[in-house]
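One chain, chain A, appears in both complexes that follow, with chain B as partner in the first and chain C in the second.
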Partner chain A sequence: MSADDAGVAILTREFLSSLAGEGDAAGAIRSAVLGAVLASLACSVLGCFVTLRKMALYGDMLGHAVLPGVAAGFIVAGRKSTPALLLGALVAGLLAAGFTRLICTRSRIKNDAALGITLSVFYAIGVWLLSYLTGPSRPDLSSEASGLPLYLFGNPSVIHDADLAFLTTAALVVLLVVVGLFKEFQACAFDPSFAATIGIPKRWADTTLLLLLTFVIVVSIKILGVILVAALLVIPPATAYLLTERLRSMIICSAVLGATCGVLGAWLDYVFDGGVGPSIVCVAFAVLLTVFLFGTRHGVVATWVRHRRLALRTVRENILASAYRVRERTGAAADSIDLALLAQERGEEVRATRALARRLHGSPWARVSGDRLELTEEGQRRGCNIVRGHRLWELFLQREASLAVDHVHAGAEEVEHFLSDETIAELEHLLGRPRLDPHGQPIPAPIGSGDTSALEKDATTAGRDGERR
Partner chain B sequence: MSAPPLEFHDLTVSYNQKPVLWNIDVAIPEGVIVGIIGPNGAGKSTLLKAAMGLLRLSSGWVRFWGEPLEARRRSVGFVPQREEVDWDFPITVEDLVLMGRYGHLGLLRRPGREDRRIAEAALEQVGMAAFRKRQIANLSGGQQQRIFLARALAQDSRLYLMDEPFAGVDATTEKTIVAILESMRSAGRTMLVVHHDLQTAREYFDYLLLLNRRLVAFGPTDKVYGEDLLGKTYGGHLTVLSRAAEAIRASKTGKP
Partner chain C sequence: MSDDSVLLGLASDVELWFDWDLDLWPLVMAVLVAVGGGLLGSVFLVRREALLGDSVSHSVLPGVAAGILFADWFVESSETEVFGASFSMVFVLAGALAAGLASTAIINVLFRYSRIKLDTALGAVFPAFFAAGMILIKLEASGAHFDLDCVFYGALEKIGYFGQVAPTLATTVLAVAFTTLLYKEILVTSFDRQLAHSLGVRVGLVNRLLVGLLAMSVVAAFQAVGAILVIAFLIVPPATATLVVDRFRNVLWLSALLGSTAAVLGSWLTIVLANVGLETARAPSIVIVAGLQFVVAFVVAPRHGVVVEWRRSRALGRRILEENLLGAIYRVAQRTGRGSVGLEEIATALDYPCACLRSAVIRCSRRAEIDATADGHVRLTRRGVDRVEAIIRAHRLWEIYMTAEMGSAPDHVHDAADRIEHFLQPGLVRDLDELLGHPDADPHGRTIPARE
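What follows is the complex of A and B.
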């Protein structure tokens, strides 16, 4: 174990023991962790609706726009009174929302540009006010105001009981509203027109969401900072969105992710410094990245594996189908096909065919042995079914889609790998149990059905048609 | 005679100060399927949205059984266009249909067992019960349209306004939907359906409402088809109307 690792272990032990420990230092850490968890939780839950309503930028805008309110609250109260600062921030947030709406409705400027304008203007005013208050021009205020820039980046080490009380309230209110008004929020987010027609007006839902959002952002900025608060409104919900297929599960998933990121972020900050806000965001992004890459449903790796498997199956099935056609043409034994004949059937060099046929190793269907492809009964059946599906599909395309005979092969070449036994049976029934495909090739009955007439007959008509398959 | 399920009186609707529907006067009788027919931009969807209170009226009024919408909300169901929603939304077929019950539930109330039973029955009726646990993105266009219809059925309304329920569905689904509409009619329900295919309109609808910015005709299908009204709906003769609308917009917005 290196010295650094030892340091991490020691700091981690300190961090963990202080969660249950006593004394001021432990209490401060506990407050920081609790604050981080509450803020992340509230943001993550509300963020589900924010992202589903495609309002992600709105959170970003509000985060920045509350800053001048913090400064104004300080000026009015004359000191860093938490309620005054929060009230100022709340007012600034609502003003910013109104300002954005005003730009949108009274001009042809579009929503995203309006959000950008509001964000930067309010933020500029906020930064200007903070610089003024902490700068040399107001020496009377600068010592009292020195903590204010903390709001830019957040700092949980200055979390007081009052902050925690507000955070707890915010988290509870968000949970209560989301549970209580679940159906209204869901309907509005999914289908606003429909929601309006059953008496849930969009404006009503928008206003509720906006008020909650402003409130949550305002109480969270002291921990997360005005810039990073938006990340918690977007990243955990986006992660949950990739993992779930129902809104309820998405919210629960996002809440768990948010809270976990809160704890881990606080720990990361304690061990490596770097700030709680950035630490939480980094953890949250690491989770998102993991899900993006390794998620079982939409993950990049899962998709890649799925495609590889499909490609392998296609190669294997094509060889089996070729083997069936060789047997059909030459009357060769069903369970053992000469690779040279197979290569000839496929129009390849023997070497190429051998390489492809080797990919059947590990399958229950066939394997290469010497110069021959040895097929199991299941492999023979599979090959026959592929050819059967292919020819039926060609006939179907020709008859039902009125495609020319020379157009049907390519489509069938792909579809043959996806036709289930039921679909094939249905096709056969639909086409009136046909015996020949559009190229005059016999359509085989499935092996094991007892009807092998097609195969026997075909040995005599072998190679009649120039276009095989 | 009792008040009609839906009546438009001198309805005018504008988008961005530009009138798109002019002075619509029509009363829909109970228990029929009405097709709303007209070319692109005729204001067909606008008419439905205006009726449902989704758009502000420039003039006139809409009444349901002689009352404003607010008083009869539960008796009126709306089926929006399929393109209006995000089909990647995290919601299952079952949950979407259950949304049809939301209008019957008060604030803070959750759907109960009876609501679930109704939603389930609606899914059965449109032949989508096997898909109840599916996320809605994993459905074909026709299946999506059918679950929209199931949601409407779950609303258990007496009047339905449907915006293009046949858009983007295959022939089989179209037949299924027509059969569902007919069974709804036999249950005494009234339906207004925005439709774009003239050929099938004759077969599907009892009444036709021909629309092109203004009401061209309203009446039983055979009668409307008999006269030369379709030509009037789809043919020109609208340049004066468009020019007037344009002039209103220009003077109100100050933009040429």
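What follows is the complex of A and C.
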């Protein structure tokens, strides 16, 4: 299939027109898209609870393990009757779940290994039966059975009305159960012991979830294939988990993502012919990676930008605070500080201080001009507030957390950048409007409040003043 | 079709059992995959990383497909066999290793830099890689060399000469060499990472070597058993082995042995079935035999099997019931002053239904611990009294121990003593007696029976 732009455009137009079009071919495409959407929707809604209950790998196991049931259903019915195949798959899925549980409870094999054993042995039985049914020894069956391996890959181009009916039922059942038992599932997903105290046994919820999971997997495998069905149970919910904070919005988000991926996957398959299941999974995974990288709240890029901003702010505020201290010590002019004095205060080379001070460019606080740091009024206020917060916090640590005087500086150095004006005011009130910090240095009043006494007196008189009080 | 006469008739004809031309290389391949998988799988199983095999085997698929594509570009498709000892195999191996490492890296990054849990990250990444691989194969790489069927079923039947076996031979030899030469390092890194660090073992290096070897083995086994059945070779025989033996060394050789036995039996089963007209694939047959091995071990393993555990817990239940029965007879006889006691009285004293006690009565009287009197009552014999007094002694000494040494209130000690009395060995009772200074009476003031 040619994948050049013109071909893609033509095929896309065909795909879109057949969604609303008449005739058999259009109908087949419509069923395929509908099937893909329904299967993705059911999987991604249920998957929210599956991943929250840390049962992600159960979906993988069940996906593989329903295969012998499909083959057995075919053998019993003698033809590809959808109800028989689905019933067989359901039985196989439940047997597999029981087998895993039996291994876990009755031997010292751990949960993950038990899942691996069930997955591989059940899957082996499935392909063994398939190899027999489609092999040369049953020429009578091979034409009828040749469609069975489609359950391995998933293929909605052979979706019949019966399949659609089952998928619709599954999606409806999942939605109804999720809406009806929302509170119960929510409690079990986040706090099983709380759930137990309000009368929802953990086992009950897990069994319901497992039954629903088996049911959804069974009806979805014809679209998605036995291996990829697990991916739709995990990927859209994981994406939604990165995007939202509440369970309700996570479920809605996951459902929308799942359905969208279903449509996009069906379209990609129509255009490039890579298989519907794999296409849906690849789209969903691409969305997950995108959200992981560029998500506004938890995305890697957003977090990195936040960290950079915070680091820049910390550097700037430290310079402003140093400038305030210089002014406090030397009584220099408020709006212009010599960089050499600043470097001396910070115990750095002048060059290093100049480099750091340059990072104030672009801020409303200060800028380097020649050998001096020119501060705006706002910059002076900011520096004063940082020192104020620092010293109040030191006093708080000494008085309320009973830290030694020489242990309070490091804590205050970090916290000073995170204290809001309200917190500082509250601290001051709590500590009884103190004048001095534990090291005997004056605690400045905010600039602009009219009280600049701390700056006008030198440190020693202020200290004596403090002692007299 | 598959009646006994046909089977017996075939049994006489060795040619039909094993065709050297057709069946030799598949068998060799299966045994090699099983030995390598068993050894590596055991290591990952005891590290609780059993599903790493699952993850790696799924996620190498796009690498394999990409490797085939590159090989087609560079090697001018003069080689028809991609998976043999050929130049193309280098591309396939490199691609698979790259894909395996990339998927592991993405799983780690997702887990570390977001709030996604580890199992979710695992469950999201490897199916996505598998999907990408399916698309690549379907679009570009399918054809003469390779198709999707091989990924799902394995094509053990198509192994026909030494060249196809060579990569697996190499990885299996590596696995054997690795597990024997680095046995100590693997052991210590698997069970006690801290100790490994302090011994100067390079834990990270050992881990990377193991994962690399795993990826290579999975790829070498790819054509023979496919992407999914290889998991069984990695997990099932090692799990069976841990049910049977306890030491890591034994788990290693036993899982290799179990795996190769399954390979031989499974291949043989396929040949037999084919001879009676049932054509089945070979790789899944081997896995099914391995699964049967697991089920058998699960049920009848000598120390950890379900049957043994069941008998052990039944024996314990019986012993406790007998001891409770004898104790009740003793107490009721003391209370009423009569020598013999009716079964109903015992049942009331113990709050058990009568029917429950009858089998215990029979067992005790068979051991001559109780006598049945003419009126259907029972009486303790000398031997029964000895057994009861030993238990009462343990019970009361434990009560004293709890009040004297653990500071429990005297009215809180009875229930605990009631449970533990069945488990205190004679030696321990002697030590308790010694420790407490040979007391005469328990906290409730009752006499402690003397040691006989």
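Just so it is clear, the second predicted complex is superposed on the first by the 455 of 469 C-alpha atoms of A that agree within 3 Å, B and C clash if a C-alpha of one lies under 4 Å from a C-alpha of the other, contacts with A are read in each partner's own complex, and residues count from 1 in each chain.
FYI, a contact is a pair of C-beta atoms (placed from the backbone, for glycine too) under 8 Å apart; a residue touches a chain by one contact, two chains touch by 3 or more.
Keep in mind that this is a model prediction, so the values were computed, not measured.
Look at A:Thr207: by the touch rule set out above, it reaches neither chain B nor chain C. In the superposition on chain A, A:Thr12 contacts neither chain B nor chain C.
A simple residue count on chain A separates chain B from chain C, and the partner touching more is C.
In the superposition on chain A, A:Tyr241 contacts both chain B and chain C.
Look at A:Ser131: by the touch rule set out above, it reaches chain C but stays clear of chain B.
Legend: residue contacts after superposition of the two complexes on their common chain; A:Pro149 is shown touching chain C, with no touch to chain B. In the superposition on chain A, A:Ile198 makes contact with chain B only, not with chain C.
Comparing the two interfaces of chain A, the one with chain B and the one with chain C have residues 241 in common. For chain A in complex with chain C, the touching residues are 1, 51, 54, 56-57, 59-60, 64, 103, 106-110, 112-113, 115-117, 119-121, 123-128, 130-132, 135-137, 149, 152-153, 227-228, 230-231, 233-235, 237-238, 241-242, 272-275, 277-279, 281-282, 284-285, 288, 292, 298, 300, 303. Listed in rising order, the residues of chain B touching chain A in the complex are 49, 52-54, 73, 76-78, 80, 84-86, 89-92, 95-96, 99, 102-103, 105, 107-108, 110-111, 135, 151, 155. Partner chain B is touched in their complex by these residues of chain A: 52, 180-184, 186-187, 189-191, 193-200, 241, 244-247, 249-250. Contact residues of chain C toward chain A in the complex are 45, 48-51, 53-54, 58, 110, 113-117, 119-125, 127-128, 130-132, 134-135, 138-139, 148-149, 152-153, 228-229, 231-232, 234-236, 239, 242-243, 274, 277-281, 283-285, 287-288, 290-291, 294, 298, 304, 306, 309.
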